[in-house]
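Order of writing sets the chain letters: A, B, C, D, E and F. Residues in each chain are counted from 1.
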Amino acid sequence: MKRLDLIIPELELERVRKALREAGVPGYSVMRHVTGYGAAGVVSEGLEVSGTGANAHVIVFCEPALLGTLRRLLRPLLSTYGGVAFVGDAEPL
Amino acid sequence: MKRLDLIIPELELERVRKALREAGVPGYSVMRHVTGYGAAGVVSEGLEVSGTGANAHVIVFCEPALLGTLRRLLRPLLSTYGGVAFVGDAEPL
Amino acid sequence: MKRLDLIIPELELERVRKALREAGVPGYSVMRHVTGYGAAGVVSEGLEVSGTGANAHVIVFCEPALLGTLRRLLRPLLSTYGGVAFVGDAEPL
Amino acid sequence: MQSSVVLQNLLSPPVLFFVLGIGAVLVRSDLEVPAPLPKLFSLYLLLSIGFKGGVELQHSGLNQQVLLTIGSAVLMSLLVPLSSYWILRRKLDVYNAAAIAAAYGSISAVTFITAESFLETSHLHFDGFMVAALALMESPAIIVGLLLVRALAPRNGDSAEKTVGGWGAVLHEAFLNSSVLLLLGSLLIGLLSAAFSPSGMAKMEPFTGGLFYGALSFFLLDMGIVAAQRLQDLRRAGAFLVGFALLAPVAHALVGLGISRLLGLPQGDALLFMVLCASASYIAVPAAMRMSVPQANPSLYISSALGLTFPFNIVIGIPLYMALVQRVIPVLP
Amino acid sequence: MQSSVVLQNLLSPPVLFFVLGIGAVLVRSDLEVPAPLPKLFSLYLLLSIGFKGGVELQHSGLNQQVLLTIGSAVLMSLLVPLSSYWILRRKLDVYNAAAIAAAYGSISAVTFITAESFLETSHLHFDGFMVAALALMESPAIIVGLLLVRALAPRNGDSAEKTVGGWGAVLHEAFLNSSVLLLLGSLLIGLLSAAFSPSGMAKMEPFTGGLFYGALSFFLLDMGIVAAQRLQDLRRAGAFLVGFALLAPVAHALVGLGISRLLGLPQGDALLFMVLCASASYIAVPAAMRMSVPQANPSLYISSALGLTFPFNIVIGIPLYMALVQRVIPVLP
Amino acid sequence: MQSSVVLQNLLSPPVLFFVLGIGAVLVRSDLEVPAPLPKLFSLYLLLSIGFKGGVELQHSGLNQQVLLTIGSAVLMSLLVPLSSYWILRRKLDVYNAAAIAAAYGSISAVTFITAESFLETSHLHFDGFMVAALALMESPAIIVGLLLVRALAPRNGDSAEKTVGGWGAVLHEAFLNSSVLLLLGSLLIGLLSAAFSPSGMAKMEPFTGGLFYGALSFFLLDMGIVAAQRLQDLRRAGAFLVGFALLAPVAHALVGLGISRLLGLPQGDALLFMVLCASASYIAVPAAMRMSVPQANPSLYISSALGLTFPFNIVIGIPLYMALVQRVIPVLP
């Protein structure tokens, strides 16, 4: 199994969720109110009061076979709206 | 060392915490207000106002030797109340 | 690429952030309001109202070459103020 | 049914904000009240309603009428789950039937509060002890639901153990869950303050009193959003459950009306009694059921109680019951 | 410019708490209002201002003056982005120029609210329909900004697709974003309550009325912190944008003053009209731009609107505009 | 000690809700006020108390009595850590003794606020400048604690560096931590508003005044939960620290009573002065100590201040000190 970590601007979340469902992942988890720093600069909590919001952290545990589809669906979103996606290994307990 | 990620309904949290202490893990961390999607359907923030709550994300870094005990203690909880548990590799910085 | 997970008392956050920028990481993400248990005992939500706060979870994806600098900058912080740091593998999606 | 009563309810700020919340979901707006803000409002409403109920209970005192009314309310919270189970079992398995039955035996504090506000804007009196009835109806329904599972569930393998768990945990969950505890605790505090600290009691007023109506309206905005989101779950549930979720409240309200008549309750109390019978729990009971009857599907009992029965009662039920009250219950001289 | 007006504004609690928030960042204190508490206050302020505006709109009714004023406000929200784009394009690319232009065509509800509070403490009347103008100025500026991008952006490769996205999504974002929806919804609710549920309307008052000024002050404490943090971003933006962020509000306010004079608005409404023209959006427009014009740099449009124009208007702009109003607009008999 | 004073305090809503919170933990209910809602209430209370104190300070002005009282309060915040250290050092190491000593030299704003509310419900006057004393007692105790560590800690290896860190950071933490800044800032804002913006000041009242007592009660519900959770940590602390946490407040209150008598303070101010001496910090000091004296064990200084001294003062201390005040301090003519 693989573990996919997405850290993305909150405004992207709805589209990412849709992409995950479309790719057929067995599940995912979302944490909001994530702040950070990346190519687009600093995202601080203060920005939550502006319309652009903070970041969200999405975790997906899925079969390696899904990664191709996920890459195809998510890469355009990430390059348009920002955020990062990393894959690691994970086995069910 | 191993890294264990548990994503579980919040109502399970107290029992999971107890299981972790019983297994003798050196520490754990908990993030609440986690939403998501899995076998039991969608968990949205709106559900936090209903009594069943959202999910929690528990991270444990521990020796591989503990995984057997953790599996024994946690599996029944996960199969009764839902949630997922995945193990990966991690080394202290 | 490597994935670094730091779980630290919130009061340490500003210094950790500074260390990460100094080490030249390409980005990082921060989740607050993390509770847990470790060498210093239990950190519960109730403590957020006391001045010492809860924990924060910091995730960094970076090149393995940075780990040496990160170790040098972060270890003294961790040994003084508490918290854990673990490294795993991760590849961009 | 007088259209003026319906309009008066429908065009009051709390109900209008509820409808706005539903509308926001329907037009797919990103309007939301992020967690844990809704928790702030629900804690506030429980605390305030308990406190005010306690103050009024202290003023009115406990007489036979009070005890009879509270007793009848508790009785209803025992009987409703039994009759509901009997109906639900036709189409659902033991676990789901029992969990939904328990939800309908219990109450929805927000529905009760909205009915109180409706009475207040109509300048109709109601009694503080009705809050005690509200608080005491939560737990029995949970117990009945779990007894049903224990008695009627198939015993194969370990599923009997999974079911219900130890009775200690169950009773704890039923009687000491946060909403029961906060309601009863605040009731007691209101009672004690009214008796021994009148100036303290008076200083609570701007918080528990003045602010209340607006805070309820704000909270109902969020509840509208949440209810509309749940509604979308109901597609899976099927027509039987949809029918139950819309007809059961009316049936239970009618029984409540009959009992109110028998007890000789005044109009305001009769409406609240009907609302207690008609409303279904989406907080305490789901929490208890999810822990004790994990075999039941939460999306069934939460969606029916929260996605259908709750908005039905808020928007249509309350004025409908009021119209019935006005026909059946004589105005006190 | 009468120094008493400036002092009266500067030494009022909302502005002082705003300055305290700025000061906290400057001395590097750890004072913060953690998420999502600021959201609670911004939802509360929108709901309250909409509700109160609706109540007053119901009392005043819709006459020609009202419609003319609202129409002029909407017109300004179409023209300001065009003229702003023309200026900004000298130094910035199409995407950034259009995004910033849209922000300045739109409005800042908190600036408007602070101006209302300023009028109230000065015992100057203003009309409820100005809130309708506020609500209706958010969306057109977004549309103009996106039309500018569509018409003037270079079309190389897929960037045309990236730009703006489907118009459906854009119009949805422009007209159904949470702040527009909550404002217009609350306005309508206020209007309906005032017409049909006067006792419900009255019971909202402690929440939407009494509490308002203090809640605004608390929120401005946080906005001061946020604005000061943004200010530090502006180093990257350069002198041109800093100049624009400070001069554009004054220029737009002057145009607003001229229109107010032409329309024969009373003093209070004239100030609000000027503030609508002078303020820039840091909520609805940035959200829409970030989604529809991802090529623009959010730190430019957010920092200029939130880090400079917003504090300028709160601290200096409002009393400055008031001083101008007092010179140009006759006091009603 | 008149039992009526005790009952009057114990049966007031704030204290009853505090007890409810403690009870919820004892019966293992899941009642909780999730983060960051408690932060909302603590910010609100600091802002309101500071603002109201500033308004009253403007009305009363600064005279010799005021300056003497504030000076004595600051003196107490320097002396209490010294004497406490001397006692604590018998059983604890330098780091822990200094950190706990600093906590007891500093103050608990919530205890102070509860005492104010107690006075208000008893219709006893107190002066606004006592809030200034409250704000000015936080920082000196921190400094003394750090000086103790610097002077008396063993210097082996790098632990000297670890200790205290640069003085710049320490002074910054002592004087610009969020609670000191918000209190002093709000005090100044109250003062300025009262002087220059009386209508602004008046419009704050429903928020900072009317709401206050209820919000305090709500917050104390949560503080009861938190204190009871901390109490369970105290098992590790041992009988010595438990004894200190219960006897030190009484001893310090008695010294405060003597000083109040010497200064000729009226009854209300005397009670507040005693409470300032008796209470221990669980916010500003722990934050500073954890950063500057990482060798000290936070669970010792937080648990004793928050788990024992705080509930002791709220439930028993305040009425006890009041009973003493009534014996020792003459009623003003």
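Going forward, contacts are C-beta pairs under 8 Å (C-beta built on N, C-alpha and C of every residue); 3 or more make two chains touch, one makes a residue touch a chain.
Here the structure is a predicted model, which means the values were calculated and not measured.
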item: Shortest walk length in steps over touching chains, subunit D through to subunit E; value: 1
item: More contacts between chains, D-F or B-D; value: D-F
item: Fraction-based call for subunit C against subunit B, same above half, different below; value: different
item: Subunit E onto subunit F, rotation angle from CA fit, given as a multiple of 5 degrees; value: 120
item: Between subunit D and subunit F, centroid-to-centroid distance (C-alpha), Å; value: 41
item: Distance from subunit C to subunit A - Cα centre to Cα centre, in angstrom; value: 20
item: Whole-Å gap between the CA centroids of subunit A and subunit E; value: 32
item: Subunit F, residues touching no fewer than two other chains; value: 32, 34-36, 39-40, 177, 206, 210-211
item: Subunit A: positions in contact with at least two other chains; value: 31-33, 88-89
item: Residue ranges of subunit C touching subunit B (in the complex, touch as defined); value: 4-5, 7, 31, 33-39, 55, 57, 67, 70-71, 74-75, 84-89
item: Subunit B - residues contacting subunit C, complex; value: 1, 3, 17, 20-21, 26-32, 59, 61, 88-93
item: Touching residues (chain side subunit F, partner subunit C) in the complex; value: 32, 34-36, 38-39, 42, 162, 177, 179, 222-223, 225-226, 229-230, 233, 282-288, 290-291, 294, 298-299, 302, 306
item: Contacting residues of subunit F [partner subunit E, same complex]; value: 36, 39-40, 43-44, 47, 51, 172, 176-178, 181-182, 185-186, 188-189, 192-193, 195-197, 199-201, 203-204, 206-208, 210-211
item: Parts of subunit D lying in touch with subunit E, wherever the complex brings them together; value: 7-8, 11-14, 16-17, 20, 23-24, 27-37, 40, 117, 120-123, 206, 210-211, 213-215, 217-218, 221
